[in-house]
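Listed next: structures, encoded as structure tokens.
Two complexes are shown next, each including chain A; its partner changes from chain B in the first to chain C in the second.
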Partner chain A sequence: MKTADQTVDEILNLAAAHFKVPKEKLSPDDDFFKTLAIDSLQTLDLLTKLENHFHVELPDYELQGVSDFRTLAEKIQARL
Partner chain B sequence: MLDLQKYSCLGAALRDALDRFSGETCLIEAERDREKTRLTYSDFKEISLPLARALEDADFDAGDRAAILMTNQSKWLISAYAIFYSGGVLIPLDYKLTAAEQLQLLEHSKAKVLVVEYHLWRAITQSPEFHNIKTKLVLVTEAPLGADLAGGFRWEDFKRKGAPDFVMRLREDVACIVYSSGTGGRPKGCVLTHENYLEQCRALTAWYPFWPGVRYLSILPTNHAIDFMVGFIGPFVCGACVVHLRTLRPEFVRDAFVRYRITYVSLVPMIVKNLERGLRAKFDELPPWKRAILNRMIALNKMLTRSRPRVKVSRTLLPQVHRAFGGELQALITGGAFIEPSTMQFFYDLGIPVANGYGLTEAGTALTLNDLKPFRADTVGKPLPGVELRVLSPNDEGIGEIAARSKTVMSHYLEDAELTLETIVDGWLLTGDLGRFDKSGHLQLFGRKKNMIVTEGGKNIYPEDIETVFDGLPVKEYCVFAANYVWPQKEMGQEMLVMALRLEQNQRFDSALLQEIVDRNRRLPDFKRVGGYLIWERDFPRTASMKIKRQALGEEIGKAVERGVVVGL
Partner chain C sequence: MREAKCETELASGRGGSALSWTVADGVIELALHRAPCNELGSESLEEFEQFVTALGRVQEKTHALIIFSEMKPGFCAGADLRELYHRSQVMDKAEAAKGVRDFLERIHRVLNLLDAAPLTTIAAVHGVTFGGGFELALTCDLIIADKMARFCFPELRLGLIPGFGGIPRLKRDLGNAVVRDLLLTGRSFNATKAQQIGLVSQVVGEGEALRVARATAAQFKKFDHATAVAAKRFIKPIPYEELRREIDLFCELFARPAVEAGLRKFVESTEAQPYLP
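Let's look at the complex of A and B:
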């Protein structure tokens, strides 16, 4: 079982690779809309990548109101 | 043209359709790539009438109000029909609002019944304001077995045997109360009658008809005026099929076009732009010789569709592109927000007509629509049949505020006579939008007179509605504006919210204050956030009752400083 810190770290790695930004520029409490300069549809793309990586299925509504990596990690962690 | 004259209410028009098209498929619901539900009109009737009967047995009477708070799915439409069948008034609520905001609108609307999805209901019951809820009957869909429903009932079990009484309503009776904004400040509940909807349906289907066999992909929220009309009422009264997809993930949306051979889809500009981005990326990956052929085919298609769309010709010239959209797409309907003309032209040149228009909740669904004769990406089309538009006090360039008169214009704002009087003057709806007509009668928009923005996702955001999140901010005073209200633009893009801050005497704008603003801003959903701030050196003008004179302050700021002083948040 992954720890919450591991999950958030893996999310940051994936987001950095997917959106081609240096990982050092990302931190768990970042607003990913702003840090990655993405819209909600691009966030859905990221979510698909995360689902494939963690082997979970997150309904769209789980993401409603979520805008930072740490909360996103918590949502994923709850389904691991 | 669709004959709706014989009906006095939506319930009667829908009831007739369920019988007339009984064997046709009316609803398909898919969870990602898994189809969950497929209903004929006959199945739909069989499921909805026991719900109507149970509502009636629970003392839900003619004129009583019932709110629906759900994502797009079959139970939304089934519940809406049951409500209309029983003579009720429907209140479609936005599932993207916060639980506190939803509770506020439930309170304001005095809804007697709430139909709600389990995950949304759970959020509402956990809200501190939940104890104030006055809604008498709550029906919760898709609740897990044994879940605590906090006094609600399982939607799936809420049914009674025996035929319900059909409750006929008159054209002037209220059909829906639709909130166009006002969660943080002054709720703007647009009261729309059966006449409004029946006339809107007649006008829209005259230009963009539905028929049995049409498949409409419902992506815009059904609580939104556009999807309610073209993803429910329009297709149903014509015997067409609505496809609900329980996700907006681009890969499943793309798959649904092909799987269900979609005929029409309504999309907000953000999604259309995303599709454009995807297509352009695919085109860029083509080897040069293939790209050259594609470019020549696009050029040929442009030439052949200059005066009107020729969808069959376009499908022959550009088969790969059309196959990616299922091969039967007639038009992309866009609305809810400004869309770049270049994006529309991109799709039109590929042979996919874009039906863009202009409307507002207060006027039903749409006031104008592109009739594609010819396609004009630089306008929002012509007034729909039955719609009269005027440009008030035009300037030298013919630009002024657009006013509308039509049978589709709402009756009034719920419990706000003052705002109604300001908005509907001598039978004309003052839209607050600026525009002019060109020589061929197409409407062109040139910005807004009103202090609000519309996001690319089609959300209307009024500054007053989001200011409460900044209550208690440690500054002397603050006020939020739409940037284009302060610095008027002759276009509809580049919309953002800007906060004007007046600091206390000797106060410095330091990192702690900035962090406070950032933190509070993040409590808002992403589409409602303030985009930047500016420091204002003078006290805000106020009324005798100490309310900020927004218009005066906005004008003062706009005259004194350039938009460039705004610092991004």
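Let's look at the complex of A and C:
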């Protein structure tokens, strides 16, 4: 079982690699829409990346209103 | 010789700004390329109508059709809701209702022809495969999905149901429980899930869907064409009656005020998940 910190770290790694942003520029409490400058279609890409990486299903409605990496990690943790 | 003639016939109508097609070695490739993500509006519909007309002339002489997108965000984001909203704003209610019904009748004709085409069809999908885009993929015999593909029927957020044949085709292929989950939650799901429920035949690496579709299409050539067509007709009935009822229900729902509000919200939305209510 991953710890919450590990999950956050893996999310940051994934986001940095996929959106080509230096990981050191990302922190758990960032608003990822702003930090990654992603639109609605790219948000779907991020969702798919996360599902594929963690082997979980993340229904969109559960992520409505989630905008920081830490809360995202909590949602994923709940399904691991 | 037969294929050379076929190529000439298809070359006489290669599409336009929304889509274009080529044929090589008995395989027709239909490329979607309308920015941002192949939204299906009046222009796309006209070009699809040209395509199915051309297809009708050559489908007996080809063995496969591959539909794919050249747009980075995905296969197709569905109906062009901005066009629908803006057009309905400059029409009175009766005119708008007639326009919607005409559009649906025309796109159903196109999709029914694709669904029943006497050749084996593949949707090679990646990224966003939503609403009408999902419905387009559902007309194909096989769906080959990039692992980044995502499927969704978000229509309920607009106060509507999918209107391009999605419910009858999904029910035909997968069953009512899956339709209810997708339709009533409006959630999107990925290619792996799509394969688990039997919707997608192959999940492939990023950027590989078209290559795998071509390799799969080459396999079809090894079979007797008439046998493949007979097998397809036997195994893939077109749910015409339900498709008619879908048009009627869509038009009935479209007349309600909730739809205009839903369309406006979508068109004006700057939210990250505008497809959610």
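Rule of thumb we're sticking to: the second predicted complex is superposed on the first by the 80 of 80 C-alpha atoms of A that agree within 3 Å, B and C clash if a C-alpha of one lies under 4 Å from a C-alpha of the other, contacts with A are read in each partner's own complex, and residues count from 1 in each chain.
Criterion: contacts are C-beta pairs under 8 Å (C-beta built on N, C-alpha and C of every residue); 3 or more make two chains touch, one makes a residue touch a chain.
Keep in mind that this is a model prediction, so the values were computed, not measured.
Enquirer: Considering only touches as defined above, state whether A:Asp60 meets chain B (first), chain C (second), both or neither.
Expert: Both partners.
Enquirer: Have a look at where A:Asp31 lands relative to chain B and chain C in the superposition and call it first, second, both or neither.
Expert: The answer is first: A:Asp31 touches chain B but not chain C.
Enquirer: Let me test your reading of the model: by the given contact rule, A:Asn52 touches which partner, first (chain B), second (chain C), both or neither?
Expert: Once the two structures are laid over each other on A, A:Asn52 reaches chain C alone.
Enquirer: If you lay the two complexes on top of each other, which residues of chain A touch chain B in one and chain C in the other?
Expert: 33, 39-41, 44-45, 47-48, 59-61, 64, 67
Enquirer: With touch defined as at the start, can you tell me which chain A residues reach chain C in the complex?
Expert: The touching residues are 33, 38-41, 43-45, 47-49, 51-52, 57, 59-61, 63-64, 67.
Enquirer: Note which residues of chain B are touching chain A in the complex, please.
Expert: Residue list for chain B touching chain A: 71, 95-96, 98, 117, 119-120, 246-251, 270-271, 274, 456-457, 522, 525-527.
Enquirer: Where on chain A does chain B make contact in their complex?
Expert: Counting only chain A, the residues touching chain B are 31, 33, 39-42, 44-45, 47-48, 59-61, 64-65, 67-68.
Enquirer: Give every residue of chain C touching chain A within the complex, in rising order.
Expert: 36-37, 73-74, 77, 127-128, 147-150, 152, 185-190, 192-193, 271-276
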